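Input: structures, listed below.
Note that chain A is present in both complexes that follow, paired respectively with chain B and with chain C.
For the complex of A and B:
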């Protein structure tokens, strides 16, 4: 590893002081929403696109309200509402979201209507909802939350930068609580665009295809919200540290993990759970393989993208799983790839990368 | 909180390329608004626009280096402002961690929208499809970060019209938390058919040059451009030896839960954003020398902002004006563009005239400063308010 790489890793170590995650909610291709866990058998998915198992919106909104909201707006809003309800606090002091693509449905609808009506009189609703921070505004409106509010739109770092922004403010105690979340959808049109950019697997045969290594990933969707607190209270999980690496060299990821663990006085054999964003995309698997080689036999190895598919903010599915497994004190059976020897689940490491560019490493601790 | 120093700035807007031409035109009261030449829209001559007066090819020809950029108007605009930001400064000092906090509302939409319908035909493939990634907001940011060696931390913020004001705030936090030694913050947006039709569908566009804070104002004019500030911590200044242009002494973001696109009539969000910014800086409203208002000239914004100014400053409102009538509303770039204007005022101890103002808004009677004035400028409060109730304010202070 050259000096520049070492410097990069050194620089990114220990970005935050620890904060607590009080509640977490998830909507994705699995039935993660109704019970808020995945202890039950999972849905068997096939094909090259995993899509949302959508909640029953009529439990939340009137028909009139629903008519005005697009797909991802409804989804994101419901996820946020339940996360706040679980937390027993509808007045967080910040609302911060991350999304790689925002409401694609609205963006596309508006592009089409500009052409169809030759730039004439157009319905402004899709334009308004295509704005990346429109969901933030709607969450605020729903509960009358006057607070700090921001939206990160940086691909595979979107959720992590939202978490980091909240962590900074919790650390400096300018706020005591924050609602942080991500939302992502895939549309048939955008699937084609990303297909041309070689995002997806070419051939899918049978339900095991997702487990086979080949160039490309399976497309997925997910919306995740977290209630963050500077105090422990009843929070099941602590976000101890977060390290982000942009286009790191081959050895930089392991080096970052080494220094992160060292910084917190931990050895590899003290990791009880490893949550991996591995998605069987053969072009970037070497990053994950290197980490797996380093793991101790005590550590349970869990994967999650065979259940959700791949998307910019998919690490949120891993983080939601960590929170809920900590709360239930039980691993999600469908995620276990390799059973470890440990009986405890104190420390968890979550590693995710998005097409080799944005890498994130979360160090988590069960309270 | 540790101090945040501004050591570099760069800008391109409808007024031209670079800070010198901006100052010249602002001081002379010359607006950059006019019919659009490069925007591909049937509305290009129907409304005035703050279009940057160069074709995309011309923009690239003005760049010293662009080998890592894509053929993109967004990236060319961003690169011009970034290049100026580093004028006379070392671009990548050894051992300095530096990043880019960018802001945009629609990313590379300008570069994609004319070819969108080919793009979604599965059979239509080209040998190099990498341009198709332009719809992702991260794409332009990452190309710019690689070109200017700003890769230790790279992100993009999108909160509509307050985007780059929020980028500056996040950058300040990254310095104050010690994650970075220095950081370039700002934003870029290029005119797109998508956004022009969006604002037109909201009936928010004035067919004439906009009239900020005038009782008879009739909407905004859209613009494009880019601007970036280089922020350094005190410790970094010791290493780089750079001389600060000014200090970022306060900032706040406050969301009011009132309406998806309109502010509350009494301007609660604007009031809180300004008040909290002054509190963070530890200065009283009476110490503010000048307010660079958001002043889009929409019916709602200017009324709400006036009410908020009136409430915060009482009977002694400092000189204020909106520069949207010079550049058009440059959306995600506007917070950074107006930060550069604020820094010019601090550097040269002068303020620039509001244009197109005739009649004050009845409820507040506020009258913007209408003449070029040389005066003592210590602190400038700059406002950026956006869709979704997102309000951000920044306070820039003179460095002695």
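For the complex of A and C:
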């Protein structure tokens, strides 16, 4: 690897101590919320994008409360509420989220209103709800949490920066617990904008389109929350390491993985599960192919975007899957791409990249 | 006047995103803020926007707004007396 490639390593968290993920919750295109499991049969693609399954909001909020929440903030709040309920702790010492686009519905509503009324009489509610940190505020208000509260908006690194912020504070023991999450929605209008930017597959000719290699991905959305703890307790999974790379070459990705494994005294054959963000976008598949070539035959290879679609914080679905599989000590059958020979699932490697730009590598350990 | 009040209620339900609420559930004489419908200061801004967009009425003094938005009955009377469109 040359110097230019080394410089592409955006961040390596190897200097931080591991942190523990006590609980995880997901709302996505799959039936994952009610049971906190990935129920069979999985939903296949219908139309040109994956949309998330809405929880029954009336179980959580009154009409008067719901009217102040946009489509994505009400979803994120419900996900956070259940994550905290599972953890048995509604007072985390930090609320940290990541989102690529925040509440798109209200952003669009506000921008349309600016144009329609020539910046005159503008409704305050869509503006308030369109701000990226409105969900964090709602979580704080709902549970009366006055602690550290922050939102990261860094495209394909948004969730990862939220996790790193929490990890630093947990390592310093300035906090002992943190609620970390991500939320993303897609609107018909934003879909068209990204279509013009070649984000999506051109030919979506049925539910199997997402499994076919061609330029572009299938759009998705979802919300994922994690309760982090500085100590193990009953946590099923440990976040051992996290490395971020920006626009790396294939060599830099493999080098980062080699370094990460070496740092923790591991060889490739000690990886039990590999979770891949592979989305059949032929323009960037080479990254995933190189990693797959390096994997041992013992390692189970799993992928998840054929179930969730692609979005800035889709890695959250992969991380939720890792937590839930570790807790159940069982792989999700619908995610298995290639069965390995190992009987254990101690170490997991999650690799995700967002349109070749933001690459994240998670090293996870079942406790 | 009764038809106008119903129209106004529908406009308020839409403007304030009161999903699932029917016009019949809003009492003509009950206070819109506080104990009645339970609206708050952000709703007050939304109602000011509603009056300006739909009826051409500009309310620049918030104290005036508070009086105008006392109830559906008061609001409807005020609009009928001051509307420009």
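As a convention for this text, the second predicted complex is superposed on the first by the 357 of 367 C-alpha atoms of A that agree within 3 Å, B and C clash if a C-alpha of one lies under 4 Å from a C-alpha of the other, contacts with A are read in each partner's own complex, and residues count from 1 in each chain.
Simple rule for what comes next: a residue touches a chain if its C-beta (ideal position, glycine included) is under 8 Å from a C-beta of that chain, and two chains touch if they have at least 3 such contacts.
Only a predicted model underlies this, so the values are computations on that prediction, with no experimental measurement involved.
Could you check whether chain B and chain C clash or fit when both are placed on chain A?
Fit: chain B and chain C sit side by side once superposed on chain A.
State whether chain B or chain C is in contact with more residues of chain A in the superposed arrangement.
With both complexes superposed on chain A, more residues of chain A are touched by B.
Just chain B (first), just chain C (second), both, or neither: which does A:122 touch?
A:122 sits against chain B and chain C alike.
Which of the two partners, first being chain B and second being chain C, lies in contact with A:66: first, second, both, or neither?
Second partner only, chain C.
Quick one: is A:152 in contact with chain B, with chain C, with both, or with neither? Answer first, second, both or neither.
In the superposition, A:152 contacts chain B only.
Pick one for A:144: touches chain B only (first), chain C only (second), both, or neither.
In the superposition, A:144 touches chain B alone.
Calculate the angle at chain A, using C-alpha centres, between the directions toward chain B and chain C; round to the nearest 10 degrees.
Rounded to the nearest ten degrees, it is 60.
Touching A:39 in the superposition: chain B (first), chain C (second), both, neither?
Once the two structures are laid over each other on A, A:39 reaches no partner at all.
By how many Å are the closest C-alpha atoms of chain B and chain C apart after the superposition?
7
Which chain A residues contact chain B in one complex and chain C in the other?
Comparing the two interfaces on chain A, one with chain B and one with chain C, the shared residues are 121-124, 128.
Quick check on the complex: what are the chain B residues that touch chain A?
The contact residues of chain B facing chain A are 1, 41-43, 95, 97, 104-105, 107, 113, 116-117, 119-122, 125, 129-130, 132-133, 135-138, 141-142, 145, 151-160, 166, 170, 173-174, 176-177, 179, 193-194, 197-198, 200-202, 253-261, 268-269, 272, 386-390.
Which residues, counting only chain A, touch chain C once they are in their complex?
63-64, 66-68, 117, 120-125, 128
In their shared complex, at which residues does chain A touch chain B?
Going through chain A, the ones touching chain B are 7-8, 11-12, 15-16, 95, 100-102, 110-111, 114-115, 118-119, 121-124, 127-128, 130-134, 136-138, 140-141, 143-155, 157, 161, 165, 168-169, 171-172, 189, 192-193, 195-197, 244, 246-247, 357.
Under the definition above, what is the set of chain C residues touching chain A in their complex?
Contact set of chain C toward chain A: 15-21, 38, 42, 45-46, 48-49, 52-53.
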